[in-house]
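Each of the next two complexes has subunit A plus one more chain, namely subunit B in the first and subunit C in the second.
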Partner chain A sequence: MAIYLARRLLWTFGTLFSICLITFVLMHSVPGGPFEARAGEQGVSAEFVSAQEAYYGLGDPMPEQFLRMLGNLVQGDLGLSFAQQGQHVTDLMLDKIKPSFLLGVMAFAIVVGVGIPAGTFAAVRRNTVWDYVTLGICTALAAVPSFVIAFLLLLTFSVGLDWFDVRLGRGFGDSIGSLRNGILPAVALGAPSLALLYRITRSAMIEVLEQDYIRTARAKGLAPRELYLRHALPNASLPIVTLLGPIFAGLVTGSIIIESIFGLPGIGAAFVTSVGQRDYGMIMGTTLFYATVIIFANLVVDLMYPVIDPRVRAA
Partner chain B sequence: MPRDRAGARLVLLRTRRVQEQPGYWRLAWRRFRRNRLAVVSGFLLLAFILVALGGDVIAPHDPYEQFLRRGGEVITDPLAPRDDGTFEGPSVAHLFGTDELARDIFSRSVLGLRISLGAALFLIVIVTTVGITVGVAAAAGPRWGDELLMRMTDVAYAFPDILLIILLRSAFGDTILGRRSVVGIDVDVLLLFFAIGLTAWPTMARLVRAQLLSLREREFTTAARAMGAGPMRIAVTHWLPNATGPVIVEATFLVPRAIFAEAALSFIGVGVTPPTPSLGVLISSHFSFVSVQWTALAFPTLILATLFIVFQFFGDGLRDAMDPRTRR
Partner chain C sequence: MRLFSVRPFLLVALLAAILGVGCSGDAPTEEQVLNTNLTAEPQSLDPQRATDAVSLSVLEAIYSGLLRLSPDLELEADVASEVPTVENGGISEDGLTYTFHLRDDLKWSDGTPLVAQAFVDGARHLFEPGSGNRYVDFYRVIAATGSDGDANLAVEEALAAGVEGDPLAALERAVVDGLQVEAPDDQTVVYRLNRPSPVFLLLTTMWPLYPIRQDVLEASGDQWTEAGTLVSNGPFTLAQWDHSEFIQLARNEHWHSDDVSLATINMDMIEDPAVAFLAYQNDELDLVSLGPAELAQVRGDEGLREEFLSYARLSTNGVYLNTSNEYLMDVRVRQALAGGLDREEFAEAVTGGAVLAGYGWVPPGMPGHDADAGAQYRDAIEASQALLEDAGHGDGSGVTLRLLTPDQGNTVATAEWLKQQWETNLGVTIEIDVRETATYVAERNAGSFDIVIGGWGTDYPDPQNWFTQFRSGAGLNSTGFSDPEYDALVDEADLRFDLSDRLGLYADAQEILLEQAPVIPMYYGRRNVLVKPWVQGLVGSSLEHQVPGDMFFEQVEIDGRP
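Up next is the complex of A and B:
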């Protein structure tokens, strides 16, 4: 177990290094440098551009630049932002990560809190009106793009009912009260994952409920509540937990579109801007942050397997 | 005499039953046919494909032509009803109405359907080719090759999808060998789906590898090996056909995912560039005008939602039919 974990963690660095290299190559093959892009602006002279490029060593050979960046990265330093002069990328990123991460966690809570109970309920009441209604809602949630859902939510609850501020993004994450503003974005963000989790829970539960031991438990007069929650759900949990890793990673890293529609100043929106500005430090930092979230979400799921199903041994 | 005949018929029945032992594909087809939802989805899918193919005949107008009415007064209030030909509601002349530049939304949707489906087909070809190649090489090749390829898929899997697509989109130009369009689909659309494909192959490769490895200990593998077949031959001629079902199912589910990704990327401005009317461009460009003419947004969104549901049910039907172990 310890050896397995050590190998996995070691390989995490290998993966991150590869991602780092690919990102480096890709972002430097985007035509135009960070300062060339601003060459046309007022007050930006050709001398300024070349001076800046020399200062940041952008004219150096690529391998040299890569090694220098890698050396700084190992020390946890992403360098200075090219776009927001004088600011450290790490500080900028921490600012932007907070709302995105909070939003992802809220969406995850909604997805798990609604998806699993709804799927269980639908499986228990299979082929009844409840089953069809929840199935219909979840199919619709998955079939409409999340930005359209976001927009409909905004139209209904902010404009129509006036329950929320229209400009939800302002100050999100600064205080406990501001978390309320995250409800609509979190619902919109989580909708497709919610539908997916619902489907998987439902089919896993239906499969388990057809097993003989469930019939036995029912025959000996076990209360339905006990039966479903203690006998059925734990045995259906393997496919559900498998899905939770990618879902969590997807919610934390996949909020670019939702951020842009609700005006949330998150890391996704910052990434799109930084690609446009060729802000290399920001691009690298965001990619590595997202990759780390994805890797660790999957690692946690893999480590959960033996806990859920003793037949699965990690190593 | 009657007894003899009965006996003869029994023999006949028996031999016929042996002869008619239905194969995998026939059984799959039977199971699929019984699934009403999947069959209906199949017909709808066929209809979508026909509309996409026959777009030139079906679309009543040029998707780029503007039907502006000149001479009207200049309207300063953005919310006032207009009569310059833009944002008209559905009518006989314009089934889905007109957009902000007075173009026929129906014709644009038909072309959009062709672009999205065509590009999705291109994506499927890439993903299955890469996925099968990597999966087969990993399952049949030497141990170190397997290790290397799987570590590669780990990297591709951990690379944040949207970020990779945005980076690739910015790094690529919008021409291939100096051409701006290939078989009627703009190069920037193809490159976008190529980028989406680059994020989708690891799942396919892992699926193929897992399928093939599950066959490694089977008797027919041992038999083939005993007869002198090499690992590649076993993988390609004996294992791969057994993995066809899951690969087809995975490829079916890829289509709605890719079309959705295109819509989302176009929405944040890093996908298809207007005026090319992909479904994503249609939805996102009509988005800001929803208070002026909501039908302009509703129709393309409905097409996208229908496509998604059709592919979902069709894929579910295929999976149930081709892999009886994972029914439902």
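Up next is the complex of A and C:
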């Protein structure tokens, strides 16, 4: 086990280094820099741009800039932000990761708490009215764009029923009570993943329920709950758990659309805006963060396999 | 027999009623809170570093400069006791020395006295190397005595020559060291200039010359603008700043005037105008700016129409033409393009009436605006077709032009409309290139375009800000336009002090500009906002930044919130 983990860790560093290199090359190949990004339709003189870039070392040769960045990175320093002047990228990211993480966990709870039971239920009651209704709802959730779902939720629950404010982002995460503001965004964020998890759970369960050992257990007179929860679901969980890794990573890293509509100061927006702003430190930070979350989530999933199915060895 | 007399009882009751009614009118009894939308996180609340409209909205409310501009764009004294003029000795005869006397008993928001040195500190902070602030160039008229002559002039020459890196930083350092801004005593600030400037008083109303607390800056470094540490001198203070979430301003009890009614201003950061509109309708916001889609909804709603306000934005948008392009180097082709557009249709159909069709370069509300400027391009489609034929491109045959556009707001729709107009009216072929902002600016600076969408919003309300960008070789001149007569007029206007003299010169310059058409104005911007009826005293200014009324929040009072 220790050797396995050590090997995984080595691979992780290798992966992250490659991602770092590729990201660096790509972001500096794109035309325009942070000073042009700030200029907008009014434009800015080329002399001003090159003078500023030279001052911040952006005119230095690429290998030199890369090594400088790498050197700072291993010390945990992602540099200063070009978009939010005077702020350190690491501080900005930590501020943004907290609400996204909280929201991601809430969304994950909804996705798992609704998706798996609904999928199981649909598998057990397959080809009945319940199955078709749930299938219809989940297809709609998957097909309708997230901003449409978000607006519908706002119109119904905030403007119509007045259960929530429209501005949900203010103070989110500061207290337990403020988590209430995360309900609508969590539903909007988790909707596509919910649909996916439901479909996978349903098909995996159907496949397992057709196995001989299930038929035997039923013939032996096993109660339905024992049958489904202790025999069928664990055997169906391999594909489900495989999916939970990337789903968790995706939810926890946020979505620019959800964050923009609900006013949540999360990291999802930072992924997109940092590219437009050419905020190099932030681009590197967000990319590495996402990569790390995915690598970690997949590692956890891989470690779960032998727990779920003892026939699988962890090597 | 009566056990007690009713009469005294009634008398007391009557008295109580009268007194009760009398007392309730003295002070506003409701909570004086204004809920606004800042739309985005400010880039910086350092007055000498901020360049984006969002940051400037906050800075206007928390700082006060030496002078300010009234809603009619007249100079008024703010922290200074009066506006300096030649008559009162505030401006020297040669126009090179400006002396400001401060009011008595000025204080910072933490109660410490505000002294003239704070303005010197602000000016030095402005010129530090690597500030990335495009406004610095306006202030290079301030003298900076160096061993080789004026350091600010040296920096201007170096920038024009393309000097960068360490040599440039050394020159910029020399500016800070030799800067001619002084505080001979605690109540007096003196600025010396290296050349006469007819706009210097306007420049003192702007944030780059705000005073700063040097001690706070030195003690807290990069964190000096956070809510717990920032000390300012305006009608409000920065009470709370939750990054990317929320800003709260509180009334500054130490401000030099004391009739501020508002106790708190809440500033949310809702980026999506549709969501902000929902929040406004839900009474969570008291003010909101309208995008074209929201404007259409307001048009159709009688209740919302009562709350609607529209005023000038002092901006002009249009296209710039690359005069080195083989077709565009002929002025007749450029004039044909300028005349081959139905701007009224654009304002109505594409923007839903959110903007005003424009033919001149200087917009309404700006001194120097001429409603008849560019009239030759009104209803000129046939004339344009004739011009094109004259130039040897009858029916636009063979003329293909690349139109570069960013992807912000409605620029793509504008580009599509231009393509349709020019292809239909003139027969030319237009290819559209959409680029995201930073790439668009880079390509524009590199000159890789034939036609490019752009515009200008005024930095200060003087035509100088509108005409210097078209001088031969100006940094912002991406068109390659160069006309010696135009240059002479613009240079001459910088040397005169009489406004009507200068306006006359700029009027001639505008005529040349519109006739030569390196830029084709299309529309003037407007601010379209909704304001709740319980917001009293809101003053919209054509110069304001991101939030409606942000220049005069100290005049707002809340009355009648349900």
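The rule is simple: the second predicted complex is superposed on the first by the 292 of 315 C-alpha atoms of A that agree within 3 Å, B and C clash if a C-alpha of one lies under 4 Å from a C-alpha of the other, contacts with A are read in each partner's own complex, and residues count from 1 in each chain.
Everything below uses one rule, namely that contacts are C-beta pairs under 8 Å (C-beta built on N, C-alpha and C of every residue); 3 or more make two chains touch, one makes a residue touch a chain.
These figures come from a predicted structure and were not determined experimentally.
Colleague: Let me test your reading of the model: by the given contact rule, A:F271 touches which partner, first (subunit B), second (subunit C), both or neither?
Modeller: In the superposition, A:F271 touches subunit B alone.
Colleague: According to the stated criteria, A:Q65 is in contact with first (subunit B), second (subunit C), both, or neither; which is it?
Modeller: It touches nothing on subunit B or subunit C.
Colleague: With the two complexes superposed on chain A, say which partner A:T139 touches: subunit B (first), subunit C (second), both, or neither.
Modeller: first
Colleague: Which touches a greater number of subunit A residues, subunit B or subunit C?
Modeller: When the residues of subunit A touched by each partner are counted, C comes out ahead.
Colleague: Just to be sure I read the superposition right, which of the two partners does A:F151 touch: subunit B = first, subunit C = second, or both, or neither?
Modeller: So A:F151 meets both subunit B and subunit C here.
Colleague: So, A:V30: does it touch subunit B (first), subunit C (second), both, or neither?
Modeller: both
Colleague: So, does A:G263 touch the first partner subunit B, the second partner subunit C, both, or neither?
Modeller: After superposition on chain A, A:G263 lies in contact with subunit C alone.
Colleague: Who does A:T90 touch here: subunit B (first), subunit C (second), both, or neither?
Modeller: The answer is neither, since A:T90 touches no partner chain.
Colleague: After the superposition on A, what does A:T253 contact: first (subunit B), second (subunit C), both or neither?
Modeller: first
Colleague: Does the superposition put A:S50 against subunit B (first), subunit C (second), both, or neither?
Modeller: Only subunit C; A:S50 stays clear of subunit B.
Colleague: Report, in rising order, the residues of subunit A that make contact with subunit B in one complex and with subunit C in the other.
Modeller: 30, 151, 260
Colleague: Could you pull out which subunit C residues touch subunit A in their complex?
Modeller: 41, 43-44, 46, 49, 51-52, 129-130, 132, 134, 137, 159-160, 162-165, 168-169, 222-223, 225, 242-246, 268-272, 274-275, 278-279, 281-282, 284-285, 317, 406, 408, 411, 436-446, 453-457, 474-476, 478
Colleague: Given the complex with subunit B, which residues does subunit A contribute to the contact?
Modeller: Contacts found on subunit A: 11, 14-16, 18-19, 22-23, 26-27, 29-30, 139-140, 142-148, 151, 203, 206-207, 253-254, 256-257, 260, 268, 271-272, 275, 283, 286-287, 290-291, 294-295, 298.
Colleague: With touch defined as at the start, can you tell me which subunit A residues reach subunit C in the complex?
Modeller: 30-56, 59, 83-88, 92, 95-96, 151, 154-155, 158-159, 162, 165-167, 169-172, 260-263, 265, 276-278
Colleague: What part of subunit B is in contact with subunit A in the complex they form?
Modeller: Its residues touching subunit A are 151, 154-155, 157-164, 166-168, 170-171, 260, 263-264, 267-270, 283-284, 287, 290, 297, 301, 304-306, 308-309, 312, 328.
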